[in-house]
Each structure stands twice: as C-alpha cells, then as structure tokens.
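So, here come the structures, one by one.
In what comes next, subunit A is part of two complexes: it sits with subunit B in the first one and with subunit C in the second one.
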Partner chain A sequence: MGVGKKHYKILFMAPTVIALLLTTVFPLVYSIVISLFNWNLVKPDTKWQFVGLRDYINILKNPEYISALKVTVIYVIVVVAVEVVLGVLLAILAFQKVFGTRILRTVVISAMVISPVIVGTAWRLKYNPGYGLINYFLDRIGIGGYGFLADAKTVVPAIMVADVWVWTPLVFLICLSGLQSVSQDALEAASIDGANAVQRFFYVTLPALRPSIVLAILMRTMDAFKQYDLIYAMTAGGPGTASQNVNILMYNTAFQYFNVSKGAAMGVLSVILINIAAMFLLRLNKREAV
Partner chain B sequence: MERHKKVKWSKAVFFVLVWTVIVIYVLPILWIVTTSFKTDAEAYALPIKWIGFEWTTVNYQNVFQKGSMIHNFWNSVFVAVLSSLLSLLIGVPAAYALSRYRMKRGEMISNWILSTRMAPPILCAVPYYILSKSVGVYDTKGLLVLMHVLLILSWVVWMMRSFFDDLPIEIDESCLIDGCSRFTCLTRVILPLSASGLGLRLSTVSSSRGMSISLRWS
Partner chain C sequence: MITGCGGGSDTGGSQGEAGGAETTAPAGDDTDAEMADAKTTINFMCDSRSEFEKMEKLLPQFTEETGIDVNFTFLQETQLRSKAGLELQADKTDIDVMLLDFLTLPKYIEAGYVEPLDTYFEGSTTFDEGDFIPTFIDSCKGEDGKLYAVPLYQDCSILILRGDLFEKYGLDIPKTFDELMECAKVIDAGEEGVAGIAMRGARGMGVSEWTWPSILAGFGGSYYTDDMKADLNTPEAKAAMQYYSDILKNYGPDGVANYSYTEVQNDVMQGKAAMMIDSATLAVRCEDPEASTVAGKLAYAVIPSDGEHDPQPGFYSWDLIVPKGSAHKEEAARLLEWIVSPEVSPQLGFSAPNQALESVYAIPAYEGLEGALSLYNRMEASLQLADPDFRPRIPEESGVGEVVSIAVSDVLSGTAEVDAALENCNKQVQQILDDAGY
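== the complex of A and B ==
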C-alpha cells in the first residue's frame, strides 16, 4: 500500500485536468489577450499595440457580424427545436412493435457516424438543380429543378434540412436510452385508469424522458452554435454572405483576412453567448425539476 | 371488435412511418454509392437509374491512381486510431475516479469537463496556430493527433463515466478486499467489463472525427 487512497484520486484525475486546462483555459486566456491587441498576420509590427476593446466595438457595429449572428441564432433555434421533436417521435416510433424498427435504429444511427464534411458534400450534390436527388423528386411531382443553395432566401433552410438529417439521430439515440427507463407499470396503470395514448404520452412518457431531452437540447444547442463543417462544405457561407454564421465569419476574419485579433474577439463573444445559453437551459431545467 | 380494428389501423400507420424514415435515410446514401460507380454521362442522366446502369470502377481507379488518396486515407486512419487510444488512456482513469470516489468537487469538475465542449473549436485554432508555428511543430501529424486528443477528451470522460456508473460498486469493493490496488482493480476488472463501451467509443471516434478543424490547417 505504497500509494495512499488520496493519491490515486489525484493520479487518475491529473492527466485529464491538465489536458483540458491546456485546451480550454489556455486558448481562452490567449484569445482574450490577443483580442485586446492589434494583431494582424500581414502587419507584424503592430502586433503588441494595445487597442483595448476597440475590436469588440467594431465587431458589434459591423453589420456583417450582426447578420452572421442572426443567421446563427435562427439556425440554432430552428434546428434544435425540429431535431428534438423529431428525435423524440422517432424514438417512440422505434419502440412500437412493428416490423422494421430494428432496421430503423441501425440505419438512422449510421447516418450520425459519417463525417460532417462528407455529409455536407453529399447534400450539396443532392441540392444540385441539374442532377441532384432532391430536385429529381421535385421534378417528378411537377415542380421544376431549383437551385436551393444558390438562392439567398432558401439557402439557410436548405442547410437546416441537412443538419436535421444528420443530427436528429443523436437526439434519437439519447431518447432511446431514456425511453428504456420509462416504467412499463406506470404506463399500464395509466391505461387502466383510462388514459388514452395522447394522455399517456404527455403525463407518463414525456416526464420520464425529461432528463434525456434536456441533455439533447443542451448538446445540440452547443454544437449547432459551433456549426462549421457542414455549412463550409455546402456553401462556405454563400451565396454572398447569406449562410455565413459567426464561425465562418470568424474563420475568414482570422485566416483569410489575417486579422487574428478580430477573429479572437469574435471567438470570445461566441463563448460568452454559448455560456449564457447553457446557463439559461440548466437553470430552466433545475427550476422545473423542483 | 372495434378496439381490435383500431389497433390494426394504428399498426399500419406505424409501419408506414417506420419505412418512410428508413427510406429517407437509405436513399441518399444509396444514391451516393451508386453514383460513384457510374460513368459521368450516366451520373447526370435523368431519370436516375438505380440499378440498370453499367457498373464501372473507373472513378475508384482514378482516385487510387492519383496517389494522394491513399496517403490522405492513411493519415486519417493513423490520426483517428492514435488519438482515440491516447484520449482513452488519459480519459478513462479520470472517468473512473469521477465515478467511484466521492469527491467534494466531483460534480463541479465533471460539469467543467462538459463545459469545455462549449468553446468553438475555431477559438482554439488561432492560439494553437500561432503556438505551433513558433514551436515549429506546425503541419505535422503529431500536432494533429494531439489536437484530436484534446478535442475528444471531454467526450471520452463523460461517456466512460456513464459506463462505469452502470457497473455495481460491489465489484470494486470485492477486488479491493482481495488485495488489488485501485489501479489493478481498474485495469484487470473494470476495464474488461466495460470493453463494449470502449469499442463503441473507438468506432465512433475513428469514423466521425475523420476530419476536423485541425486537419484544415495542414
């Protein structure tokens, strides 16, 4: 018994804590610091010129950032809402005793493990007005081919559809494991007491699914806010800036226009926004649980 | 009698719904796969030919003969496997500790670990880009592996912790009484029991993290 009980605890935790300090605290502090300076990769001499909050003020005044933020927020709200509703319904569907539910689970979950870049590319091809799969079916029912990704009005909904296709399976997976813990006795008791299927769903199944749904909302909100790969592969923010969200703008600012400080400032703003959203969601969950 | 009919009717609806969803998920994948076996002319042809076209492997031959594909593919596999193994090596003990020890700040630490997923990966890109340039490891496989490890670590900890939570604590207690240290208890007893979880973890990481932010730098 050379190593005490307490030492094991520290030994086990240390690698993860150190690694995460390196990945989160270091970049965050670093970003905050460089966002206060005037650092542009093509102008090395102004690197340590202190400009304070100038970048933040410029960003918030910049209509391009505001429009990107609008795209992001709408995207997050719509995508998360649709995915959670569909995910829950799908999970319940998968629990019915009908032929095909086993195949359903396998097929749906397999969509989630495809790399986002491949999914994005595949969807870009599907939307192609000439030979894409979607326009093919639209053509069949009488609506001609349409370049959804080339029209500023339809590009964001088109990307949302792709996002829903890829990420509903995650909600589905989380709810599936949640449904397994729904007590069959309670459902039976409710139906003996005269509750119909809708009432059973709202008063027995849904409350039991609460923790899973909250987890799904939390994860999807965080990830949808960070959405980058999919949009980049489908439109890279275009046409114009119609589908440009804050992440794509941030990437372009830092690595296309080499304005590292401004990019970092945008990153810090995003972190603040995501944290507010997450705190709000967690608070909501706690209050309702009481 | 009435009720029986109703049940049958709802079954039919469920059946249709289930198969609609299956089609929605299978069709696009099928389309991509079949298109990859078509010649250019047939790929653009309308109406879409699902089976009745001339199968050709010419696209695959092109891809492999260009040479960079195999190199890129090998890079992806190398990075995915190595980073998965490393992140498990780092994350599993922490997950075990969070699951088994009653820690004063246990919940706080695990929430903090979850919260690290909130930062946009691009936020990390700027500092690491600059750091790796100045240290001179920019555009190397080692850096890529390291980035992946750091990005997926919080996932590993949370996933493995839920697996460990499902294993009864009595197993630990009995092997501690039998004279194991905490470490041998983890490696000899708990890990073999949660092997399925590890497998799942590995497979999802290696497939879904095929490409991520750090890859785009190089």
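== the complex of A and C ==
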C-alpha cells in the first residue's frame, strides 16, 4: 500500500548505508580533505590553510617515515607467516579427535580476548631482565637475563613473539572452521588410492583449506599493519625508533605533536598501501584457485 | 613554610589576592542555593589514579554542599593527552573539568581554549594563592597574569637512596655527579643482584626526557640558545649524555633503555636498585610496607650537579582546568576550588596546596644514615630549585621531547654513539623550530 518493493529495499538498506557513511566513508573523506591542509590542533588559524600535497611529499622524503615503514613491512611479513604456519598446524592438531583437543581450543582462544594493552604490559614485564618470567627461565638454564626490549636488534622480534602469541589463535579458529568443510569422501578416496598422510595433507586438505588461509592472511595482514597498542604498551616505539611502526609515528604526529593534517596524510598513505596488499592477495587467491 | 621563601613580586601578588579572598562572600552562598535547586551534573575527565578513586568516595560531601553531581571519565594517560587536545579545540564540549599536563597548558591558553578562573575564585574562603609554591601557581597563569588552572601536584625529581646500604658501605649522600657515580659503583660492586642506580631510559616525552634534562642542566647545558636555536650538540650536552650512559650502562639495571618510571620504582621497591632519580611522589609507594621490601630503609637528597652549576630538579605538575567550551563553567570552578582546598586535598593524597604536601609527604628518612632528612624536607628544598622551564614550555615541546628521548634511548641501547645521537637530535630539534617559525 503505497510502499512499493523498490522502496522497501531502500528502507531496509538505509540503516546500514547510513551507518557505513557515518562511520567509514565520512571519516575517510574527511581525512583526505584535512590531509591537504595545514591543520595543527593548537593553532586554530591553521585549520583551513590549503597546502595541497605538501605533507605527502614531506612524509615520503622523511627518513623517519621510511624507517617506520620498513619496520611495519618486516613486522607484517614475519608475524603473518609465523601465525599462519602455527595456526594451520594447531588447527590440524585440534581437528584430530585426540584427547585434550577441547582444552587446547579453549586455552588457545583465551589469549585473543585479553585487551592488547594488557597483553603488551604483561609481555613487557615478562621480558624484564630483573624479574621477568622469560629471563627467569633463561637464567635457570644458565643463559642469564637479557634486556630484549632495550636492544635495537632484539626489540622487534621480541614484540613479534607477543603478537604471535595473541593472534595465532585467530588463524587457528579460521582454519579449524575451514577444516570442517574438507570433504571426508575425498580424503577416503585418496586413502584408497594409496596416498599416505603427508600426500593427503598436501593434495587434499591444504587445497581445501586455501580460502580459509587466504582469509586469515588477509585479516592478519591488515591488522598487523595497523598494530599500535601492543607496541605502544611494550616499547612506545623504542629504544630510539627501533620498534616504531607507521601507526606509532602517525599517532605521535597527530595526537602528540597535534599535526593533524600530517597525521591524516600518513593515514591515507596507509589506506592505499593496505589496499594494494589486499588486492594482491585476493588476486593471488583467484589465480591459484582456477 | 615554603611560601615565605618565594620571589618577591610573585608572593606579593598572591598575598594581595589572598587578602581579598579572606573576606566573607555572601554572594557565594546565594549561588549555592540556586545550584542546589538546579542539580547540575558536570563531567570530569582524568586518568585513573588512587587520588581520584579516593575523590569518588568523598564526592557525596561536595554534592550535598553544592547540589552539583560529578560524572567521571577515566582514560589512560596517553588517551587523556590526545583527547584533551581534541576536546579543547572544539567549540562546545561535554567535558567540564579536565586533568592536564602543566607542560601543555601554555599552548592551550595561548590558543584561547581554557577558561580563566579568577572571577570564579573571587571571594573564595578556601582558595588562597599563598598556599601554593609560587613557581607552581605561576605555572598555571597565562601571559596576561590570569589564573587558568589549579595544580594538583607540586612534584620534582629527587634522589632516593638506600640508607641502610649507604650506612653499610660508609658512603655519604652524594652532592656531585662524580660522587653519585662513585656511590653507584661501590654498591653495584658490593651487593650481589643490586644495581647501583636506576633511572628512566625509555623513549617518550617526559619518560627518559624527564630525568635527563636535569642532568643536562646540572652540567650547564640547555635545550636552546638565548635566540631560540637548538643547543643540544654542545660539549655540556655531550658530557651529560656520556655521564647518563656511563652510570646507567655500568651500574644500572639490565635493559635500562626500556625503563620507564614503573621499572625504576619496581627495582627500588624490590631491593634491586640502591638509588633512583625520579619523581618524589613515587617515594610514597616505596615507603609502603605492604608493597615495598625497602620501606623504612630509604633516605632522600636533592639531586646532584657537576659542582659548578646549580642542581636542577625536574619540575612537574598535573593541573585541573575548565575548557572554554564547557557549558557548566561556574559549577566546574566550584569543584576545582573544593578539590584544592586545604581541607580536602590532603585527604585525597595530592601535593598541592602546601597543606597537602606537608601532610602526605611527612615521611622520615632511614635513621642510621647520618645527616639524612625527611622526604618532606628534601622535597621542599628541591621544589625551591625546580624550574617549570627546565624543559622549555614551548608549544612544540611534545615533538622536541620525543626527539630528545629518542637520543637518550638510542645511546643507552647502544644503537648510536653520544656524538652522533646528539648531532642528529640537534638537527631534528632545529628542524622543529624552523618549521614552527622561530
């Protein structure tokens, strides 16, 4: 009566579209706009001074940004690789109906539900050379305490360990649900054809798991690129700038130095980079799936 | 009393206003009655600390007196700092009272984001500028001389040392950097598992950049030249950095390049470090027998210098302000007045006004060490020396502080040599100054 089918569609979609516009599209567009100005929070008159792409050029010429980008890229590659390998292995282990797998599932997931700042603080204390848990055990086996977070060479790997500890469970969960979809018939058929366990894994299970793995890689890549709270709680980017990734630099620029426009420009650059990585990953999946 | 010792004109000014404040003000009572009818709720934004927890418990008393309800928003310190900037620059904000780092206050005052308090405090029976150390209350004033904030803390850096160990090794309280190094060396060598000294090494404005500037000034160095050029690659700065690196690498705890105040305080409380230079406020917890293994064993001293220059203890405060965009400025000012009153503040555990400082910090020093004086006594002496501009309060300080802290952290972690770290630091600081148009 009065409201046609077409209108219903609009009516039902409206809340989602409005929410998306407000929470995603508007901030993104606004970020792009302010990245073209000279806005500094403590200098009210700078807000609408147009500077065009100046900030982008300055950022790309800034060795601090390049070094932060390097930290970010290495961080993403290493943690995602390790987490995917461990996550897949754990999932396969948990999928075998062996004694204790239920407990394993619960234990593994619990890491993920703790707030990242708490995880970071806990790991910072664990790494403390004086009274930290890790160094206690190292001490016991005769290696002795070491300030992993205070050494520029060991700080990033030390943070990666914490990241792997928190986020492997996500990969594990995604792959575990992927495993449920592996056809038992195919496995049986392969078995009858004489394939051993290793062959069954590489030729049946793994190909069936590929969509889950790609999803996990995609999600973890985007999240690891945006890693902030864990690093902030553990080192704040230190010692020096050794563990400063793009997000720490961006946060400091925008909210500590209050150079909002420059911070926004870094954010836009991150969006571009993450999108390129995502497109690359999705394309890879498509090509191999054919 | 502390207030008597301050500079002439400042003390004179505050006494003048104090005189006015002592007259009774019936107008204030009228406002009371009106507000009791209205029942306003004001929003208070701060970080979580034990003082505010105690305050929540005392607040019903305030609400009963004034009819003003207070709603707390607790944030982590980092979030607090960034949200403060965002809320203040908005034309209207829900936040009526905000906790603010004193360092950032001048830039917000200059930008016109902060409400002056003088008119609200006129006729107050409890607020008296004379109750504060002049440098601290002055750090809350704008260039126009108006009062824009009230300080909750009168904090400075101080040397905290293990009186029992000093007694054991027959050491005297160090007055110069050389003596400090020697004390650290003796205890570090003598005591198994005890570092000679712990200080902050982690990056971050106000982290290592809270302790090191005092060492810098103690060697006669400074951040800027008189005509505002970066001055951090001087022989004095290099001597200060070399000293900081030597004492911490040789006699400090392992992993000191990632030490913030938490680690420094923990090490002392667990008996793993014999000395620390850090905020005097941290001493209170170190003297709590339930939390600390060294309670009752500590002694206090003004931080050393090179012997030629005056010691330069770090200056620190957190202030309460009323944002310009608040809709309840009058009520917010009443709350500020209540919190820093000589009656309420000591109950909460703050160190301003002086009545609170005196009662909260009346902690005696370890008895066995000759010449050791109480925490309050040494704090009072240090606070007189503390200068709010020991890290100059320019609007760009958050950037400069970060850069300086990175140099400290790089040197301590062995990533860079002293000369290279400071040359690079100086260049970056100059860049920040250039960009800002100095």
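Criterion: the second predicted complex is superposed on the first by the 280 of 290 C-alpha atoms of A that agree within 3 Å, B and C clash if a C-alpha of one lies under 4 Å from a C-alpha of the other, contacts with A are read in each partner's own complex, and residues count from 1 in each chain.
Please note the rule applied: a residue touches a chain if its C-beta (ideal position, glycine included) is under 8 Å from a C-beta of that chain, and two chains touch if they have at least 3 such contacts.
These numbers come from a predicted model, not from an experiment.
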If touched residues of subunit A are counted for subunit B and for subunit C, the larger one: B
First, second, both or neither for A:24, with subunit B first and subunit C second: first
Subunit B versus subunit C as contact partner of A:228, first or second or both or neither: first
Which of subunit B and subunit C A:34 touches, first, second, both or neither: first
Touched partner set for A:242, first subunit B, second subunit C, both or neither: second
First (subunit B), second (subunit C), both or neither touched by A:151: second
Touched partner set for A:117, first subunit B, second subunit C, both or neither: both
Contacts of A:270 with subunit B and subunit C, given as first, second, both or neither: first
Overlap of subunit C and subunit B interfaces on subunit A (superposed complexes): 117, 130-131, 251, 254-255
List of subunit C residues in touch with subunit A within their complex: 76, 78, 81-82, 85-86, 89, 107-108, 110-112, 201-205, 207, 253-259, 263, 266-267, 270, 272, 395-396, 398-399, 402, 405-407, 409-410, 412-416
Of subunit A, residues touching subunit B in the complex: 1, 3, 5, 8-9, 11-13, 15-17, 19-20, 22-24, 26-28, 30-31, 34, 90, 93-94, 96, 98-101, 103-104, 107-108, 110-118, 122-123, 125-126, 130-131, 133, 136, 139-140, 165, 219, 222, 225-226, 228-229, 247, 250-251, 254-255, 260, 263-264, 267-268, 270-271, 274-275, 278
Subunit A residues touching subunit C - in the complex, by the definition given at the top: 41-44, 117, 124, 127-131, 145-152, 155, 232, 235-242, 251-252, 254-258
Complex contacts: residues of subunit B adjacent to subunit A: 11, 14-15, 17-19, 21-22, 24-29, 31-32, 35, 43-48, 89-91, 93-94, 96-98, 101, 103, 109, 112-113, 115-131, 149-151, 153-154, 157, 181-183, 203-204, 207-213
